[in-house]
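Across the two complexes that follow, chain A remains constant while its partner is chain B and subsequently chain C.
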Partner chain A sequence: MNLEWRWDFAFEILPQLLWGTVYTLMAAGIGYFIAIFIGLLFMLGQRTRFYVVNRATREVVEFIRSTPLLVQLFFVFFVAPQFGIKFSAWNAAMITLGLHYGTYLSEVYRGALEAVPKQQWEACKALNFSVSRTYGKIILPQAFPVALPGMGNYLVGIFKDTPMLATIGVVELMQSANTVGSLTYRFLEPYTMVGIIFLIISLPTAFGLRKLETVVAKRQGISKK
Partner chain B sequence: MFNGIGITIAQMLCSTALAIIISLIFGLMRLSSNRLILGIATVYIEFFRGTSLLIQLYWIYYVLPLLINISLEAFYAGFIALGLNFGAYGAEIVRGSIQAVPRQQWEAAKSLNMSPILLMRRIIIPQTFPHLLPPFSNLLVELLKATALVSLISVTDLFFMSKVFNQTYWMSLQVFGTALIIYYILARFFLTPFLRWLEILAARKVGKLIG
Partner chain C sequence: MDNKENIKHEPLVRFHEVTKRYGSLTVLDKLNLDIQANEMVSIIGPSGSGKTTVLRMLMTLEMIDEGVIYLEGKPLTHMESNGSLVLADEKHIRSIRSNIGMVFQQFNLFPHMTVLQNCVEAPINVLGLKPDEAEERAIDLLGMVGMLDKKDEHPSRLSGGQQQRVAIARALAMRPKVMLLDEVTSALDPEVIGEVLSVIRKLNSEHNLTMLMVTHQMGFAREVSDRVCFFYEGKIAEQGPPSQIFEAPKNERTKQFLSAVLNAN
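Moving on to the complex of A and B:
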């Protein structure tokens, strides 16, 4: 078999893979953006006093969290047409990513809000602050540094889960590599390069996020060890 | 479908065993004062945590056999990739929980003239479990979910079987819905309660009470 690494071939397919990378980044970015808002919805659902809503949200979150993203992707992509809703592969992927990571982010938000000492809420009430002022000026600034590490982890996580989108035919980095591989019967270069591209992007991102955490923590006057 | 569940559980067990071994080895290597050992462990962990599991899976299944001229069955490739990947995450947990054991415990054991092996076995390791198990349980639930990926290299697991059924009967809702529910039941009513029980057991063993 053709075992040796061929540089000319690697350079030949590089532009195609880089285009794939752009789509991967877009998928991760948009998916994360949706997840941030869905996470908020889930978090609010879990904090309401209405027992039914509260309970139902918890169960839904638990269900989405304990089933595989891959199966959910197939579920959304293949089942929705049965009800007359047609998603393109891209839309189905964005919805699934958003829902899946929304449940994770809702847990992060919940933890962060619970980490704000109860006395802070009481003090706000005692000072007769409005709801928006309580959240905007007191609670959220304190909850944000707590939520940041978790949010950062899931940003990297969503990026690393995007190769799964290739399975329902979203054209991104992994799909480009698959295409190249099946056209040329050379899998060594495309898959290895995809791995390297992922490393090149995710390691600096993780590093940058860690830096950001310390900066934000310092600004809040909370020094991290 | 039942065969598929069996394969999924088998994948889960094999990769859990591999992941535990790897996370122990590399977790301890991360604590080494030897620069070389520390470096190897760091590179390994960063590499496997920095790239996607799916890529590692494809690489191990499609590329590795060509490189070193072996034939690797899909089942083995599947659990090896899962084990290597989750072992890297587990190694960090092991490192963190060993570091969480108070330093005085090491000093006390040393002053009682315990050998390093006895010190690890009798003093340090038992105390790591209460710290170790909660994050490890999360990791194992993630691992169970990740086993669905091995269907992409044609391991006939639960998800692979449901795709086959879907192609035969064209009932996506029923087939994929059932698959989702089975994964949910496995995670929620089997794996999680078992891990919770382990956590309580471990906490009780070192004289702490939780929950």
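Moving on to the complex of A and C:
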């Protein structure tokens, strides 16, 4: 077993890892996009006055939030087919990520909506706004800056959770490194590089998100201290 | 002819046997109150007497438990269905609510909009005004309340008194038939109360607006009101012209309240 870092080997496997990175980014991006909408549905479900829908949504959200992503992933990919519901590894991954992070995002939305003072709703009523204008023009624009940090956290979170997709055979960055390792018996370079690639992407993203928060807050005229 | 006479004397706002409860607590107890067009009515009384609830009921911010509120003779809180009155739905309320404007204790401006946007948003979206029409109207009103030079600022950059003047302009931009002022100076620093009161004074004297005002500013209520209503435990304990209420109150509660308030000053 050779523990010496080999640059030539590192450069040799780099294209393969970068290709895996593209899939990792796609998985995180598409999964997050789905989660944004599922989160919205969950949030609306928890705010509705229809008791059955309200109750059911709460239970589902609580259930998903209280079980590990990996278990859900295995369930959708390995167990669901036994009930006749078959997904490709990629689709299973997108569904699971979307649902899992959708529940987190619904909580972020809920918190952000509740952060808008109830007097803002009353001002809207006094000006006779319709419900959709109230949401669209007054409430959501104020809730958005509040939701942004939480949404940003989960974007980075979903990105860092993508290596789990390797367990069901989605060929993303982690899986690419696994393949390199099992073919060459060299693990030092591929896994180190995976870590570094994640770092290189996560850090600027987090920084960019913080910048975005400031910009949005400023545009909204809400001074950030 | 008789009928016409009737319409003429129809009050702009009528509370008919209005009751509001929070759980077991009765906040308004079979309230009857008429407000004539162009009248300035002040509501005074100890806290918890239901003063603010009167305004909130008329603005439809609270559900009514019993009774009916009429605006220009038409039921606001109720609508006719098969010949009887049932609780109004959102659609019915929205068809009438634009006639009522309200200014809040905490201003409640939209923080993410500039002063001007605050004043044009509802006229454009609710009344369907063209943007330039709405802007013209807003600029007029901002000029009247002395806030035109701040029209591009966000509310967070304004003092309380300035925010409240913008809130008044915002409510006026809807051209309401009746304005509700809910303790509009209570959240203000003493040195800026005057600027808000002078705007209200102007509305009263120059624009002849119908106003219903809940206030703790006894001097101001006495100066501008056509009628003062003293509320006690969800009822009007005494009402009349300011001279009567402040100089020769008949009700024991009114006397107690006024002496307590005036001594505190």
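The definition used in the following text is that the second predicted complex is superposed on the first by the 225 of 225 C-alpha atoms of A that agree within 3 Å, B and C clash if a C-alpha of one lies under 4 Å from a C-alpha of the other, contacts with A are read in each partner's own complex, and residues count from 1 in each chain.
Operating definition for what follows: a contact is a pair of C-beta atoms (placed from the backbone, for glycine too) under 8 Å apart; a residue touches a chain by one contact, two chains touch by 3 or more.
No experiment lies behind these values; they were computed from the predicted model shown.
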First (chain B), second (chain C), both or neither touched by A:161: first
Touching partner for A:129 - first (chain B), second (chain C), both, neither: second
Touched partner set for A:52, first chain B, second chain C, both or neither: neither
Which superposed partner A:71 touches (first chain B, second chain C, both, neither): first
Most chain A residues touched (candidates chain B, chain C): B
Set of chain A residues, in rising order, touched by both chain B and chain C: none
Complex contact set, residues of chain C against chain A: 59-61, 90, 94, 97-98, 100-102, 104, 106, 108-114, 121-122, 125-126, 154-157, 170-171, 174
Complex contact set, residues of chain A against chain C: 117, 119-120, 122-123, 125-131, 133, 137-138, 141-142, 220-223
In the complex with chain A, residue positions of chain B that touch it: 46-47, 50-56, 58-59, 62-63, 66-67, 141, 145-149, 151-152, 159, 162-163, 166, 172-173, 176-177, 179-180, 183-184, 187-188, 192
Touch list for chain A against partner chain B, complex: 1, 3, 62-63, 66-72, 74-75, 78-79, 81-82, 160-164, 167, 174, 181, 187-188, 191-192, 194-195, 198-199, 202-203, 206
